[in-house]
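For reference, the structure discussed in these notes is given below.
Just so it is clear, A, B, C and D label the chains in written order, and each chain counts residues from 1 on its own.
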Amino acid sequence: MRNPYLPDIARIEKIIQETAANDVKTFRVTFVDDEVRERFSYRPGQFSEISVFGVGEAPISITSSPTQKGYLEFSVKKMGVLTTALHHSAEGDLIGIRGPYGNWFPVESMEGKNLVFIGGGIGLAPLRSLINYVLDDENRGRFNDVTIIYGARSPGDLVFKWELEKWEKRRDIDFYLTVDKGDAGWSGREGFVPTVLMEVSPSPENAVTITCGPPIMIKFVIQNLLKLGFTPAQIVTTLEMRMKCGVGKCGRCNIGSKYVCKDGPVFTYEELQRMPQEY
Amino acid sequence: MREELSPRGTEAWQPKIVAFLCHWCSYAGADLAGISRFQYPPSIRVIRVPCSGAVNPFYIVKALQCGADGVLVSGCHPGDCHYLAGNYLARRKFALLKGLLEHVGIEPDRVQFSWVSAAEGQKFADVVKMVTDRVRSLGPAEKLVKRGRGR
Amino acid sequence: MAALKITKMALNSVLALMSERWDVFVPSPSPAPGGPSGFRLFEPRPMPAPGKPGPSERDSSVNRQTCDEDTLWNGTGQGGQKGRDRENHLPEERLPQFLRRVLTVKPLKELFFPRSEPILGYCVDGAFGGNGDGTGVSVFMPEGVLPGKPRVVFGARPCDAASLTVLDRVFADEAYPDDFYISRRKNTIIVGLGCNVPAPTCFCPATGGDPFGTAGLDVLAYDLPALDGDGSSQGHYLMKAVTREGEALLGFLSEAHLGEGPSESDERACMALEERARKAIAAGLPADTQSLGRVLGGIFNHPYWATLHEKCLGCAACTYLCPTCHCFDISEEPDPGASRSGGESPKGGPERPRLTGVRVRNWDSCMFPIFTLHTSGHNPRPTGLERVRQRVMHKFYYFPENFGAVACVGCGRCVKYCPVNLDIREVISHIAALGGTGVAESISA
Amino acid sequence: MSAQSPSALTKTLREFCAGLLDEGRVDVVVGFGRGTLPLRSTPVFARNPDDASRLIFDATCENNLSVFVPKLKDKRIAVVAKGCDSRWLNQYILERQTEGERLYVIGVRCQGVIDRKKLDAYLGSRRLLEGRLEEIRGQGECGEGLEGEGAGGTGGVEGAGGVKGAEGVEGARPGPGVSVSDGHIKWHLEGNDAEGRPWAASLDFEDLLSDSCKVCVKKGPVYADVVIGENGETVKGNGETAKGPEREPSFDDVKEVEGASIEERWKAFRSEVSKCIRCYACRQACPGCYCKECFVDRSAPRWIGGSDDETDTMVFHLMRAMHLAGRCVDCGACVRACPMGVDLGLLNRKLQKDGWVLFHHIAGFEREGKPLFGTFLPDDPNDFIL
């Protein structure tokens, strides 16, 4: 019996509070079964269905990179029933994970190119998987220049601060951190991500840009990227949809002929333009 | 007969009764019953509510679905509502709900309403005893009770 | 055995015999909606003692003629048996008349993709930490979900059977095969019943079907009416095998001497039935749906959708009763009394904290606003316009694009049961006409 | 359905609505049009005088059109309203869901509407290709339909399979705007049977009548800007609401159930609920179910499960009924919308009865004031309280 809905059991090893308001937490989990741990291989951009038993399931993108062995990380914003239950979990608790599902960032076609990452808020989570994959010592040489523009509403809303520091120190990437509005302790850049993008003004030549964030940010980022000369095929983003099954059957993530859980969540802007605006 | 229905088999079966008590009167009445050491059966599970008028009929039906053998809603006497008319408004809803539940075959004694003031500790004990006796004589709730499907 | 003819009087015996080897399902009576409500397990009456055959033509003289279907009707008049005794137990010998009612209310998909089914059970010990060593949480298949005994469905209509070939594309895909569906499909033999006189709501030919189509069927039965002087009071069923499984079934019946091979005149009668049915259904067919996708691709923003959805109430009658609609929801059903923190154990249950429950999949519908509602409050399909459009687009454009077939078999249930008579046939013809006028091209340009 | 010349009522309705739209007095007329099947109507939204030519009114007009009012964005809405539709329009105003000024009520006197499930039950395997209402003149030539017992309903069908029933037709007058008080209105049905043979029958009007129509207490509008009569005459509304029902509500059906034992009632309830597939057609067809988020759809807290668990379905129906207590006007739209034939009246009518008996309340007759549960009397029944 193949039951595509049967999750594997994983233990929450570590919970990291990400934001000042504590509405985003990163969960580092390990499969209880060694065999599953070996078998579970994924690519940057894929997601998993996370179960909290007694509550339900939700699709969450994997924020760790496949280069980080032995564990998975999920960054979760407290939004609905499942994410709230997850936030109430403690280290050591057991949850269910099935997947990985969906497509992934087109890593192969990105080789040899300049990569421009543009993230906003919790939208950094799926990008982070690819960023860490690219920055991994074994892979870094396969890619050209790496530019990262990341912003949040306020300093307290920035996620992965513990990792942003590392990125800032690296000399092989251009990292731009911004907040919409700073506070007393903020000495960094202020400004909306799309505006910073224009300031940075990356060249579209031999470049791919990968963006994820709140819908309104994505909208203006894409507008500005087009102004900068990027073609729709050079712009990669990842969609959020209501999903249940994760395996292209339950129907709710259907957009046109695509199922976001199976054909997505990663789409180029060129692909999105061909799809109905129902996302 | 009733003993056979008891899950433990040996002692007398004690019904589980969800009691929605208004904060201002009946809850205080229950308090007084306790302070005064009036004896009543340990059958009720008290949920304090601001007012009997705040008891959505849904709560009552939901309690039955969750396996309550009986439900008791108790508020201030007519005219004594802290919010002036909450209990009057509740009374209409309860009258119709009671009729509806009976209409579909739920034993009328499973759902009871009472007015108990903060001073009526004895009445509270009496009401609980009466309701418990009635529910006990009906036996464990079977109708409308959701059963689990897991292991 | 490629074909077998049985008298209708023997249907009961045939079903009873099959029941020994299979779970047999037949359309189930429900007088309130006026016809079969769905499919139910056939429960054979105790078999007659050896030497005394079951109901056959010989005892058909016993007033069988009064089994007119009219008497099957239990009126639902005010003040009658209101709300009570509606469980009409259809005498089995009336099944042949009953089977002539065209369609069950609930579609055949119910037997393969039930309205609600547990997809896993779980048990969590020690609040959520398990036993502290990674054990204490288990997920498992809930008991009794998958059918044990192989099954036979008798009396499914060709449109319903064809719908299974649509559902196969979704549930039996290579990447994520769904064994809940597949295992039921594999162990079910479907004996279809051709439609002698299609209903006024039928439009299967517009979707590539036929009143005597064999897609999805293992056996196709013809309802041959009684002829003067052929000795049967009610006529025969002529069953033709479509698949090897169907052949085996007929072979099994044939060995029990429950029928005979068809004659040439029977074959001619079948042909005549087919022709008559095709002629009858041809009148009033909507435009062919197979090429509708070409038009739909260009009219996503057409003003037609705004007028079309206006009368839609947003209920799921059309989608739930649709034999090809397959959207579902997965919801958690924790056992009552069990809670995250343990809490009070269920009646008679163990006293230590333990959470048990099942995860269930239920039919869901793209007609419901919450179907696509995000937790953030954003809804990609916020109004009836988008939702009705989605239903039409999915059936006739998106699904064909993905799977090469329209997700509609023309059964007409949505036509019949829509509370506001939003007739998909009108929609189909209207859209086809939009294509004819070149509107589609101009809009997409 | 073969061409049938429109009734006088329909003719006037079309002319009148065309005028309303032409003069710009309303932006949309919500009415009924001919549907795609015999004896089937469909809601029509007329926004220009030409659209108005699609309007009809007869006994096939089964929906409660007021359900569309909260959804429409048009500034001024005319609604073709039967008694029950107009009662809900009143209720909407009472519940502050719409402004009275926004509505233009075109009242029509209704003799009751068809219950298609009864028709289906009657048809069995026969196909209905044509259906219409006819007035049969002359005594004793009523054809042979069902037994015309108003309260019967279990009577068998005799001779309905033949064409005999049509013999009594003397002068057929199209349209249902005719009075049924003489009991001579018939449904004329034609089609073919399972063998493809032609078939025709004539049934008493009552036989296919919706249950709720049989106990209707207000056939005409309770409030109307204009009333279009059976013979096509128009009468301007006087701007007042009817004082109350035309006749004392009767609850014989409820009393019958009340007479049953508690176990019998439980069995009946279970049996009804077991048919439900939770498609929510009842909810969607009901003008009273306008909540932005229905309790069954709530996820936090999740009140009831979505599976086929019998108790969840029971709770859904109980709470749906309870939520409509004191609001339900017994239009029967939910019953007719249900594809599975769940007898929702079993619950709705009980609550109406209790509302009437205990509080002398009947919904839909007031535009101002408070709903049943929004008010009280100090001497409301208290004897059930300990």
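Everything below uses one rule, namely that contacts are C-beta pairs under 8 Å (C-beta built on N, C-alpha and C of every residue); 3 or more make two chains touch, one makes a residue touch a chain.
Remember, it's a predicted structure, so these values are computed and weren't measured experimentally.
By number of C-beta pairs in contact, chains C-D lead all other pairings. Per-chain Cα centroids separate chain B from chain D by 39 Å. In terms of their C-alpha centroids, the spacing between chain C and chain D amounts to 30 Å.
Centre-to-centre, using mean CA coordinates, chain A is 53 Å away from chain D.
Contact of a single residue of chain B with at least two other chains is seen at positions 65, 145-146, 149. Touching two or more other chains at once are residues 257, 264, 267-269, 305, 309, 346 of chain D.
In chain A, the residues that touch at least two other chains are 80.
Shown are all chain pairs that touch, namely A-C, A-D, B-C, B-D, C-D. Residues of chain B that touch chain C in their complex: 7, 65-67, 140, 145-151.
Against chain B, in their complex, chain C makes its touches with residues 118, 121-123, 140, 142-143, 333-338, 346-348, 356-358.
Across the interface of their complex, chain A is touched by residues 299-300, 302 of chain D.
Those residues of chain B that touch chain D in the complex are listed here as 57-58, 61-62, 65, 78-79, 85, 88-89, 91-107, 112-115, 127, 130-131, 143-146, 149.
Residues 1-7, 9, 11, 32, 53-57, 79-80, 83, 85, 89-90, 92-94, 96, 215, 240-242, 244-245, 247-252, 254-257, 262, 276, 278-279 of chain A are the ones that touch chain C when the two sit in their complex.
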